[in-house]
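As structure tokens, here come the structures.
Each of the next two complexes has subunit A plus one more chain, namely subunit B in the first and subunit C in the second.
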Partner chain A sequence: MRLFSWWLRRALSAVVTLFLVSILIFTASRLMPGGFAEVVLGPLASPEQKAEVTAKYGLDESILVQYARWLGTALSGDFGISMISGEPVTTEFGLRLPVTAQLALFGIGGAILIGVPLGVATAVRAGRRRGGAAVGRLLSGLGVSVPEFVLGSVVVFLFSRFALGLTVGGYVPFGADPAGNLQSMLLPAAVLSVFVIAVTARTTRDAVLTVLVEPYITASIARGDRPAFIVCRHVLRNASIPIITVLSTVSAYLLGGAVIIEYLFNLPGMGTYLVQAVGRRDYAVVQAGVLLAAVVFIVLNMVTDAVAGVLDPRFGAAAKGRKQ
Partner chain B sequence: MTWWRKADWLTRSGLLCLVLLALGTLAGTVLGIGGDPDEMVGPRLAPPNGEYLLGTDELGRSMLPRLFEGIGTTLVLSALAVLVTAVLATLLGIAAGYRGGWLGEIVLRLVEVLHSFPVIVLAILVAAVLGPGQTATICSIILITIPLMTRVVRAAAVSVSERDYVTSAVISGARWPRILSRHLLPNLSGTIAVQGTYALSVGILVEGGLSFLGFGVQPPQSSLGALIQQGSIYLLAAPWLVIGPGIVLVLAILAINVFGDGLRDSLEPREARSLV
Partner chain C sequence: MTHLVRIEDLVVDYASGDGSVRALDGAELAIGAGETVGIVGESGSGKSTLGAAVGGLLPGAATVARGSVVVADHEVNTLRPNELRALRRERLGYIFQEPIGSLDPTMRIGKQVALALPGSGRRADVLTHLERVRLADPARVAKAYPHQLSGGMAQRVAIAMAMAREPEILIADEPTAALDSQIRAEVLDVIFTLAAEIGTTILWLSHDLPAVAKRCRRVVVMYGGRVVESGSAHAVLDMPWHPYTSALVRAVPGAVAEGERLVSIKGQPPVLTGAAEGCAFAPRCPDALSTCSVDRPPVVSVHERDVLCHLAGQQVGVSR
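What follows is the complex of A and B.
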């Protein structure tokens, strides 16, 4: 029962946060100088034309009325239309979400399959050589220090200049041409993964190092257990909380839209779409996009808490419920 | 400076590298090494040579002074923003962690709202509202770095305020300014310093990304991000326009991160053990 009430509180708190996000994004989008009418009609439009466009989309009403109307329809699942294309926002998102989701999937896959093992492998060897630890720190530091737009520019340069077999740009949907899709997504996914893998590896390494000096590891070594067994049985489970937390942070980051990667490799994802929408004052798109990202962020946090509770009851929701 | 004696060679070289970069840039700007960054002196898109050490850009401006100006802009903007973040995050974190109650709830809620915005989209919204430029860059960095730092400072403040020395200070009648200056701030300073270095590297990344997308520092002023953005247009014809700023950018962020890691390790030392 306590557990249930803890989750109920959690859900209510999430709703409040989303409500605040919606107010903030609505206010910010109306504070942007130069309204929608100026952007579509250009600088030469007459005041009458501007007034007509403004009235057509209800932008002449007070911001409170506009917000109330938007919130009312949004609660019933209607997020309005893109004023640029005239299509419903949900339809527009449907075209771009697959790109972002695919990139995110590659990134998260890299983090789990490469980042976590790399972190464990460098951690269990950390105390062996004096210089080894510093080299590991330098390399993982390098991974998080190379900005996406620098690494991306280098990759674009190399692959455009020397015809290395993979093309830059030329996105096709996976459904239309799976091979062509993978060919165009491989490079952006690789560039994106470097940072994500490095962040995951660093956090994993830290978590594992903290666990390795615990008495139960000493006991396990004394019993003569093999290192692989110790890692699987004791280390991973006890180091799991920071690891899944960083995986969740990384997922939220990736699903928020990798703006720079999409821009560099010409991918029609959510990131570039939102940036364009900000530029064109396409209010409904900006509002729904930011709200969607906030929902993803909050849901991921809740899922992380739930998984953490299962993996390690000391930290879980059950423990938090007990405290109250 | 006990941490300096405890720090390893990597941490020291990180700090040294950063100091040299800042001093070199300052000297280069003040002494005017390489000439005026805005003057069109040479042939367009000339590769690095004896006269123009880093080559020239598409308008025939020498890249060396432009790089000096760019490093200066990036470092000053990020450092200013992180300074503001550090002060605000410390105040908010202590308010939420030490005082708690409804004030803590409000702080945590605001921080969560900011945290749930995608980073670059938040920066671009700020740039759209304030207009692209230096003010927008600074505000974006502050809004992006403040959530994480506030949370970490709050967590540290909670654990410090549960210590016996704080309890005994409260019992002996100490007012909050004394508790703050004698107990909380000294014990939080390490955490704040470490988080500050990480925030600085995020700040440089945000400045770079925002300027790269054209919403940050505006021409003719240069910054590392702006230089890379302008250079990337001529990437195939004149790669030196991107290589110089790119290397400096990576070096600066790497130095800060390595220094931050070392600082953390020397403030919270721990034993290491190897399994294999």
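What follows is the complex of A and C.
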């Protein structure tokens, strides 16, 4: 019962947050210098032409009326049309979301399948060889600090200058040609993963090191348990809260669209599309895009809290205010 | 007589900052099967290090500089990792000071106990083991998480886990220090009756001399990383030979007659960085001779009592 009302409160606060975000982004997009008409028609257009375009899209109405109208249709799932292409925003997003989602999936997959084991391995071996730890720190430091555009540019240069088996650019939808799609996504996904894997590995390492000095680990060693058993049974779950928190942050970052990677590898994803929409004052697209990002963040946070509560009973009890 | 545990001239250093601290400075101890031994000493006397050394559980910062630890004819310091694990699994049981911290906070008690049982622990076995440590409601405890238990309950669970494989020797490192005083006696009762049933040798590390003397057949007093006195509990308590032991006895409330003053031990226990020049207690010793701070005292053994003191020879001589 308590649990249910806790989730109900979370859901309510999420709705309120989204409402506030929509007001904020609506206002902010209208406050950007130079309106849609100026950007589309250019500096030489006459005031009459501008007025005509402004009236056509209803931009001459007061901002309150515009917002009320937008909110009304948005609630029924219609986020308006892109003023640049004339297509519904949902159709435009439908073309680009799969690209971003696929990139994000690869990145999160890399973080979980490579970053987490790497972090565990370096933490468990931390006491043994000083050299190994230094190399690990150097690599993860590089991974975290080398900007995507540097690494991406190097990869683009190497793969387009020399025949290394993979082509750069030329996105193919997965539905049309799965093999070709995977081939075109491999390089951008790899470049994107470096940062994500390094961040995850680092957080995992720190979390595991903290757990390894806990008395229950000593107790487990004293019972004669094998190291692999101790890691699987006791360490991973206790170190999981910081790890899933960083995974959730990384996922939100990836789902927001990896603008630089999309530009470098010429991928039609959400990141580049939204940047272009801001530049062209394509209000409906910007509003829907930011709202989508907010939804992703809120949902990811709720999922993270739910998973944390399942993984660590203390966390669940504390967060939900249960008394036991 | 073959000993279950035999520690000879054990020297252990801890790396700390740019130097090192000597935790054990030539400790000697032999324990026979079925004994109940209480090791008494202040914090920093080396008793925890000694307890950890028995199971090869010294932390990464520690190095064994010299000496040997033999448990059931195995030299612990040279065992391969899998042999050491087998030794811990089959012959040793450990109980630590922090009861709730010694249990995995993310796992239900029943599951943790099951993992500690030999083979695949069944639910019925888990409940049997929880009953053996006299937990009032084993079924409820099995379903609980550690943070839902009291310290006393958690320590009983830890005892059940340590005794699950019926170890030959149980090392209890201040098992009641974190508990309320009225629960201490109950928890100790559980440890000692269970150990007596199974035939487990007890090595109880404590700073509470009278409590140890009440339950253990033998008392071992540690100071400055060495065993300074060892003998049957009542003999050590009634007639301490080492000045440190007698100072400990005089510092205990209840040990002196009403109206007499409790005597605290002046000064601080030493922090050794290398081998002590003479007797580590010499600077605080009221009866110190000139040789005490220069020569390391030899072991004086009489009637199964060992004392590490220059004065002891004279005292024994006059059969005090």
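The criterion applied here is as follows: the second predicted complex is superposed on the first by the 312 of 324 C-alpha atoms of A that agree within 3 Å, B and C clash if a C-alpha of one lies under 4 Å from a C-alpha of the other, contacts with A are read in each partner's own complex, and residues count from 1 in each chain.
By definition in this document, contacts are C-beta pairs under 8 Å (C-beta built on N, C-alpha and C of every residue); 3 or more make two chains touch, one makes a residue touch a chain.
Quick caveat, the model's predicted, so the values are computed rather than measured.
Looking at the shared chain after the overlay, A:Leu8 reaches neither subunit B nor subunit C.
Legend: residue contacts after superposition of the two complexes on their common chain; A:Gly141 is shown touching subunit B, with no touch to subunit C. In the superposition on chain A, A:Arg223 makes contact with subunit C only, while subunit B stays out of contact range. When both complexes are overlaid on chain A, the residue A:Leu113 reaches neither subunit B nor subunit C. Of the two partner chains, subunit C is the only one touched by A:Arg233; subunit B is not. By the touch criterion defined above, A:Val303 lies against neither subunit B nor subunit C after alignment on the C-alpha atoms of chain A.
In the superposed model, A:Asp312 makes contact with subunit C only, not with subunit B. Taking subunit A as the reference chain, the count of touched residues is higher for B when subunit B and subunit C are set side by side. After overlaying the two complexes on the shared chain, residue contacts for A:Leu164 are found with neither subunit B nor subunit C. Where the contact sets of subunit A with subunit B and with subunit C meet, they give residues 127, 221. Looking at the complex, you find that subunit B touches subunit A at residues 8-10, 109-110, 112-113, 115-121, 124-125, 128-129, 131, 201, 205, 208-209, 212-213, 225, 228, 232, 235-236, 239, 242, 246, 249-250, 253-254, 257-258, 261, 270-276. Contact residues on subunit C toward subunit A in their complex (touch as defined above): 55, 57, 60, 84-90, 92, 94, 96, 98, 101-107, 115-116, 145, 147-148, 158, 161-162. Interface of subunit A with subunit C (complex): residues 127, 214-216, 218-226, 233-234, 237-238, 311-314, 317, 324.
Considering their complex, residues 13, 16-17, 20-21, 24-25, 28-29, 31-33, 124-128, 133-134, 137-138, 141-142, 144-150, 153-154, 156-157, 160-161, 209-210, 212-213, 217, 221, 227, 230-231, 253, 256-257, 259-260, 263, 271, 274-275, 278-279, 286, 289-290, 293-294, 297-298 of subunit A touch subunit B.
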